[in-house]
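See the structures that follow.
Two complexes come next, and they have one chain in common, chain A, joined by chain B in the first and chain C in the second.
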Partner chain A sequence: MSARKGRAALMVFCGLVMVLLIAPALVAVPMGFNGRATFEFPPQSWSTRWYENLVTDVTWRDAIVNSFKVAAIVAIVTTVMGTAAAYGLARGRFPGRGAVMALATAPMIIPIVLVAIALYAIFLEQKMVGTLEAFVIAHSLIALPFVIVTVTAGLKSLDDGLERAARTLGASPAVAFFTVTLPLLKRSLAVAAALAFAASFDDVVVAIFISSPEFQTLPVKIYSSLTDTVDPTVAVASTITLAIAALGMAVAFVVMTKRGVEGDAAR
Partner chain B sequence: MQPDDRSMAVGARVEIRNLTKRFGSVVAVEDTSLSIEPGQFVTFLGPSGSGKTTTLNAISGFTDVDGGEILLDGTSILSLPAHKRNIGVVFQHYALFPHMTAADNVAFPLKRRRVPKAQVREKVRRALELVHLADYGGRLPRELSGGQQQRVALARALVFEPRLLLMDEPLAALDRRLRDAMQVEIKRIQEQLGITVIYVTHDQDEAMTMSDVVAIFNEGRIAQIGTAADLYERPADLFVARFMGESNRLPVITCDEGAVAFAAGAETLRLRARNATEAGVRGMLVVRPENVLVGRERDPGLDSSLTGRIGRVRYFGAYCVTEVVLDDELIVRSRQPVEVALEAVEGDRVHVQWNSRHALFLRSGEGDQLSGSASSFLDAADGGAEAVAHG
Partner chain C sequence: MSIVQRVGHAGAPSRPAGPGGRALAALFSREFALTIPALVLLGFAMGYPLATIVERSVTDFPGGSGAFLDNYKWFFEEELNRVVLLRTFRTAAIVTLACLLIAYPYACAMTVVGWRMRLVMQAAVVAPLLVGTMTRNYSWVILLQDKGPINDALGAVGLGPLHMIGSLSGVIIGLVQISLPFIILPLYASLREIDGRLMGAARSLGATPAQAFTRVYLPLSLPGVVAGSLVVFVVTLGSFITPALLGSPQQSLLPQLIAQQVNQLLAWGRGSAMGVILLLVTLLLIWVGSRASRGSAALSGGGRR
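Up next is the complex of A and B:
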């Protein structure tokens, strides 16, 4: 009886925490349907004109396209680079392995604004501010540690005897990697790519430094339109970002649960 | 596979010459030489760290050697990478690819060799038939039992018709009964294919029942190589005697050819022993428990005898093991069928006796640590030996 009561209390508590975490973000949703150009909440009148604005206004559309473009390239680049790095770190036997691992994951703990200033200084000198290349380089730096950590964990759960077995059966080290290790890392790679995409898509700090009026990503556009104008399109952009993030989380959750089942059986 | 496959899958001749491998300052394999005939089933037996697995890895290509040569049918394989050696390997933990079905696992080595598709299907079918898993090709490894997984691993290691198969403790992960069945199975397949097998284990029963030849490894060297009977009946040193089967070991010192002195309490006894040559050598008198009889009376047919009192008696169904505690707490074990074993009560004074043709003298090696009581025994016998020899 008291156990059931305790359980009910726990559920209420968890529910409250979830509401507190999510509710502020959800405020943006009705704001996007505001009939007037204000940020009042709740809106006095309703319309979908800001949604129209998001797709018709060239600056918004470009920002969205840029964000997707950068994030997609970053996801691909860092997944390839990070997997190679993780493989070397997990399977290689060389001095200073720990130091390399620490260095490779350092961007995770260095204050992002420092990274932003450093990158800005370099891109300014190279005249790369406001270019796709600059964004890809900067965001790869931010996203790479997520890939390395995820793929290293995946590799550690794999029996390294499998590659050995493949080699006794006639597979060269490279063939063994591509026919045995890589297929078994599929899920880790998917999660890593998703995290890298999100890390790039989410970034606002570095992006503010290295963007120009000609090349902006969505978070920069949101930030500038909040500070410069009163434009409920911001709320629409936030709503869409929120929906994408939620979808990503759902996909990652499904993938991870399946992975758990498979991991158990493989043992 | 069909009997007509025999000609193509005949075993390889393996020669290991002066193989040496160091890990830092630790010598894992030291100047080891070994010659294996085509079609032989050779077991590497030894405790962990004795060099047996390192030797196996040197053959399979996962360990670079520091010296020596490994020849397969007269050709050195040391410069070949692992994937070009064409040697089948079965691992302790099966190492089946979890993302492939049993059939795809077995097909893997054929695909690496670019065997045409139709032939792959046929060879996979025959390999699975060979291990009695013809209907299990579509299953994933996780849907198979441990024994079935090991059979698939065996089929996978054999399907490309290697002439040498290496097995690294392949049955260690299975339970006792399954292990016995698999031993018979592996032996049947080996004989059917005529393939050379090198089998690594630390289980002496496995080594004795399966092998044509057993090589006992100790501290990076082969302590002795021979048939199971050779090793059991004529161990070359104390390590082999201790490692193969149970043995009673009495600390003794030789007094002349064919005789040793044993300090039994206050008195020194002269016992006959095979292998004792010159006088004054310290070592052990080794007698197997099954050759030791316990009796209240002296048995005139047995020429060696000690006295003691009955200790623990353990019943094993088919036989029982009687411990006789000599003076100074040394224990001699006798293993006899239940109907032969003496019905005795703990503490009874009895004779432990054996025929001296079952008693073997083996000198103490440098590595053989003598217990405190054993070395004081020897010191007592030392004086006694002279008395016996001179008196």
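Up next is the complex of A and C:
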């Protein structure tokens, strides 16, 4: 087999993998326009009533609002908390630094079911099941490692001489941090906040355990409507997340292509 | 902000010089103080709940009373548990192997294509992550159902219909597709670091392309293979949603059994013991995996001599 043929075969394989990665999620789009409440694919009749249902049905609307509320609070709390911790870990020389770092990334490693039942046990004890506070605490734990890892990487790629220069020129540590380091970290902080938001917004397992019929997030609502009923509103919710994801990808793609072109020109 | 400023002002003056004093001062340094909010969260939302689970696993018994390790003894004595544990490992192994076979050529290709194509390939890997867990699971419920599009296609070529949803094969198909990004990304990051000139050097020294691959490229890629496989294996071991939606209660995996003990049987002690076992297995795997990848890194370092 010639090298060229081998290469062509590899690219065909990669094309198939790309289809495998992307195509399945797209089935939600036609399903959202299903005329009847079935899982039939492709749908036999069409309607837009599930789109109406998503905004008029109180349980769906509440679930969406709750998801955004929790994720926004979690993004803010963990970005502040995680940035402080990452900075302390990157600049500090205190004993037990490695242990703190390991502890901070541990929520990523612990099986999510175990995290779920452990938090459920505590929130039952404290009568906090189905509260906004419980969701914020649980999702902050899940999101914190993403922030710490991202900001730590950002700090590593930063020239810490700049902060020292500010200090020698008379800035207090706080002033040096807020006027020199923080602006340079802007991009890492944005990525960290986005990841924290996504980690909270996407969580299903912990949310299933700590939610109540009165307080659910969107993934819990999707999960329960998949297991208990046949409700095409699920497909609408999925289509909307798809659209948001596609939009985000498109923006990132344009930005990176531009940077790629500039990078090529610079070379 | 107030913490940073307050501690910043308090911590700025002189520090004690003695070695013991320095360690003590460092413990109360402003850098440590910055980690306190995160540590409080970790303590309250991870440490305390996990301690509660460990405690319940040795104090909470279905009959009301029992000996210290009874829940653990029950886990290993009950045949159903052993079957489920074995099935969970087997499923994780199959999913990991399938992911590796698909991800390796893909990640390889990513290192040799032009930057525009690489961006497209990268986007294809990241896109499913952005789409979200529930959307991806939902689509597999639709695709794999008995009268779904995959069965229609299989029927058209005379292969179907197959019973996929509500079976372990459905769970495996779903988990492979859902886990692919988790292995492609670390694998690509590691393959990117391999110096392409080494393959050329091997060829110029008389190796066939196959020899250059198996003797040079493959050993150098092992740390990435181990890291990526470990992620998929560990994630699959703890996966709950996909087996619950695509599988059946008759073929449940360990996480479902844990949820069942806690939610339906209210057997917190047994559920907790199973959770602790799952955690210990996961930690053991990560420990072995990190040692293995260090070992293979040393191996590739040795190859340079």
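Note that in this section the second predicted complex is superposed on the first by the 233 of 267 C-alpha atoms of A that agree within 3 Å, B and C clash if a C-alpha of one lies under 4 Å from a C-alpha of the other, contacts with A are read in each partner's own complex, and residues count from 1 in each chain.
Criterion: a contact is a pair of C-beta atoms (placed from the backbone, for glycine too) under 8 Å apart; a residue touches a chain by one contact, two chains touch by 3 or more.
All of these numbers come straight from a predicted model, not from anything done at the bench.
Taken together through their common chain A, the two structures put chain B and chain C side by side without a clash.
Looking at the shared chain after the overlay, A:129 reaches neither chain B nor chain C. After overlaying the two complexes on the shared chain, residue contacts for A:205 are found with chain C alone; chain B is out of touch. Chain A is touched at more residues by one of its partners, and among chain B and chain C that partner is C.
When the two complexes are overlaid on their common chain A, residue A:183 makes contact with chain B while staying clear of chain C. Of the two partner chains, neither chain B nor chain C is touched by A:74. Residue contacts after overlaying the shared chain place A:172 against chain B and chain C alike.
Of the two partner chains, neither chain B nor chain C is touched by A:54. In the superposition on chain A, A:155 makes contact with neither chain B nor chain C. Once the two complexes are overlaid on the shared chain, A:236 sits clear of chain B and of chain C alike. Taking every C-alpha atom of chain B against every C-alpha atom of chain C, the smallest gap after superposition is 6 Å. Within chain A, the residues touching chain B in one complex and chain C in the other are 172-173. Within the complex, the chain A residues that touch chain C are 3, 10-11, 13-14, 17-18, 20-22, 24-28, 31, 39-42, 80-82, 84-85, 87-89, 91-95, 100, 103-104, 106-107, 109-122, 125, 137-138, 140-141, 144, 148, 172-174, 177-178, 198, 201-202, 204-205, 209, 218-219, 222-223, 226-227, 234-235, 237-238, 241-242, 245-246, 248-249, 252-253, 256-257, 260, 264.
Taken together, the chain C residues at the contact with chain A in this complex read 1, 3-5, 8-9, 11-12, 23, 26-27, 29-35, 37-39, 41-42, 44-46, 48-50, 52-53, 56, 102, 105-106, 108-109, 115-116, 119-121, 123-128, 130-143, 145, 147-149, 177, 180-181, 209, 234, 237-238, 240-241, 244-245, 255, 258-259, 262-263, 268, 271-272, 275-276, 278-279, 282-283, 286.
If you check the complex, the residues on chain A that touch chain B are 159, 161-162, 164-173, 175-176, 179-180, 183-184, 262, 265-266. Considering their complex, residues 60-62, 81-89, 91, 93, 95-99, 108-109, 112-113, 142, 156-157, 160 of chain B touch chain A.
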